[in-house]
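Okay, here's the structure, questions in a sec.
A, B and C label the chains in the order they appear, each numbered from 1.
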């Protein structure tokens, strides 16, 4: 602080004899230094190290402070694009499954994405359990993908894991693909009765969202 | 040429303004403006203070919860609160289950569609819902309220000058018009015999035109029963619901103030540094 | 650059050299706001406001772009989408309050910038083009601010749009068709809101373009200075960087402190409560006022109360309404002619004793009175005051300034900036 005050002090009065080379360089009043570009002398700090270092420190601190401030302002400008509070509030829904007969499926909307809720028939369950899990692209058993005691309720996102199309097979009369589950018409992914990928480009099984039965028939998704 | 045209234009405009000035003055003398009851007897909001006033103020959660109770049991019969969702009540200090219970128990249900018949129906509210309005639409609201429209209260404290104090003053401001005198001691009906409140309206000097369609909503002590045991006097209820409506209008006020202090502190340090930088650079340069 | 002693950009390292030979953008910046731009050494704090206006524009563009990501330009959804931003969008309240108050601070800064130009004669030769471009920026800003104020679709938004487009209906013959064309209907509605949103998004970039021209024109003669004396030699100047970048950094800190104080602690201070009531085309607010920065012009509009015609015949040539509208636009457009109205060769008001008196005791008070009266209801006392102040305003620019610049005897000017600063005469070029 004292250095700063001192230099201020000299700045108030006309400078007769500049004390340092930097002062001389910056002081255009001084006729002797008038032709020396300020730039050339700025880095030449060998002789008056303490004063110059102190000055550099102030400039660096100021500029870094401005940088931190800009970063702090960038935060809200970036975060405003992520999901807003009303969107996050819709993150879970309750659905009453009592109307879905075995062999039927419904397509509902959860977080603005389709969710398939399928009531598997015993034949479909058997077909799913017969498969050699080790041979699958994404090895999972039907039990892994359902809740104990509720193995007939297969709940998956209706979003193909390839590029996000909605697979067919949930509504009555739609093509179910070669494995009797779902079929994505965009690029030909076939899913079996446990909605596992069996053929086609999709890398993984249809995603099972977090869900729980909050009563015998009502399922809470999310 | 430019200056000649400018001179003439200036003469014209200034001249017309001075003629207008004379005209205004003559008219003001010939037919002085008639004083009006609204102008003379309308009161500015009472001085009332809240925990959330000032740059450090924070909402009093207990007061907001009491205010919510007053809103839901008194105001909500007529006034909507469309911009507020039940999930927002978490900010009043309720936990998730309490918010759910509040939503489920709300007197008005959320309009929906009967999934079997497609007929209009209603269902209990969930936390993601906005507060359901007491009337389906403006026509229904007017029909039920003698053709007056109860305004939505979500932003009421920001939509009126000195809004929180305004709501408080309005609620406390119902007076008997007969013999009413303002603070200067002028009697309204003596000064303006025509200003008698028309039937169906209610006299309130804090309302813009002195006559409000809403009857005094707070009719007596213990109109609601507070859960925290606070005595529900009329004044207490008016104060609590005003604070609650300040919150509905500005739910992010606390974030705003705390972010403001952080930003100010940061900027003051930055400015001092920038000033030192500036003085250092100019140290040897007289200017 | 017209100063032979301006420092030249010397690219360091191979990458800089490679870029400089192909697209000399760093060189452009260096010469525009870097060490390559020599600036008078004696600028006072009033010269900070040009840079601050640029900062304010950047604040408005950045916050505006992100707000547009959440806003719907729909008469049913606009108001609620603004409240959605205030309540549910992450940090939305901050972005919206910053944009709302940023507009006010933009005008505060630009008004100070304009008054600096008016007092120090920055509009005079050879800087007329800078001034003309500046007045153009000001007009564009006013249009942008007006359209932005309509977007929340509150009561003041709606009635502001109604009243301001109503100005055009004062124009004889084409007025009403013109107004309906502007609105896309008989009253402000979906069509008007949509086009205002589109234009409100576009105009800031037009402003930014004109600002580039404004700065380009500035670099031809270089910055003016408080003495108004032209630069005579190298010792009169310092390089913009680091001298004025440092000073502007400090000025920016002060500006942001005020901006933050209002945005975070009194965000609605400069707004109007009625704009938190959704637009209602069937009910006018008791008292329509524009945003504070339009109040002087609104006062001028309202100050014209008598028709211009031939006395005692009942023939009206210019009705009061049309005259008010003409005068309101005229009050800004006359600034375009200012360089040719004020013919005094002396730039700075410091050396013009008579001009200075009219400036401080005439122009400034009249504008303060107009701003104050513009926000008041039409009671006699406010009408009278604004009529006096408006009459002075027009007389000041159109009558007084041309006369003053003829009859005034200016004070002796310093020989150079350096002499004014140090008291020592400028070394001649030979020394």
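Side notes on the structure shown:
In the analysis below, contacts are C-beta pairs under 8 Å (C-beta built on N, C-alpha and C of every residue); 3 or more make two chains touch, one makes a residue touch a chain.
Just so it is clear, the model here is predicted, and its values are computed rather than measured.
Averaging Cα coordinates per chain and for the whole protein, the chain whose average falls nearest the overall one is C.
On a Cα centroid basis, the chain most remote from chain B in this structure is A.
Inter-chain centre distance (chain B to chain C, centres taken as mean C-alpha positions): 33 Å. Centre-to-centre separation of chain A and chain B, using mean CA positions: 39 Å. For chain A, the set of residues touching two or more other chains reads 14, 28-29, 59, 62, 66, 85-86. Residue positions 41, 87, 94, 238, 242, 249, 422 of chain C are each in touch with at least two other chains.
Among the residues of chain B, those in touch with two or more other chains are 267, 270, 274, 277, 281-282, 285-286. Residues 85, 87, 127-128, 266-267, 269-270, 273-274, 276-277, 279-286 of chain B touch chain A in their complex. Interface residues of chain A, counted against chain C in their complex, comprise 14, 28-29, 31, 34, 37-39, 59, 62, 66, 75-77, 79-82, 84-87. Put simply, chain C touches chain A in their complex at residues 7, 35, 41, 62-63, 66, 69-70, 84, 87-92, 94-95, 234-235, 237-239, 242, 249, 418, 422-424, 427, 431. Interface residues of chain B facing chain C in the complex, by the touch rule stated above, are 2-3, 6-7, 9-14, 16-21, 23-25, 28, 33, 55, 83, 88, 151, 154-155, 158-161, 163, 208, 249, 251-252, 255-257, 259-261, 263-264, 267-268, 270-271, 274-275, 277-278, 281-282, 285-287. The touching residues of chain A, when paired with chain B in their complex, are 4, 7-8, 10-11, 14-15, 18, 22-23, 26-29, 55, 58-59, 61-62, 65-66, 68-69, 72, 85-86, 89-90.
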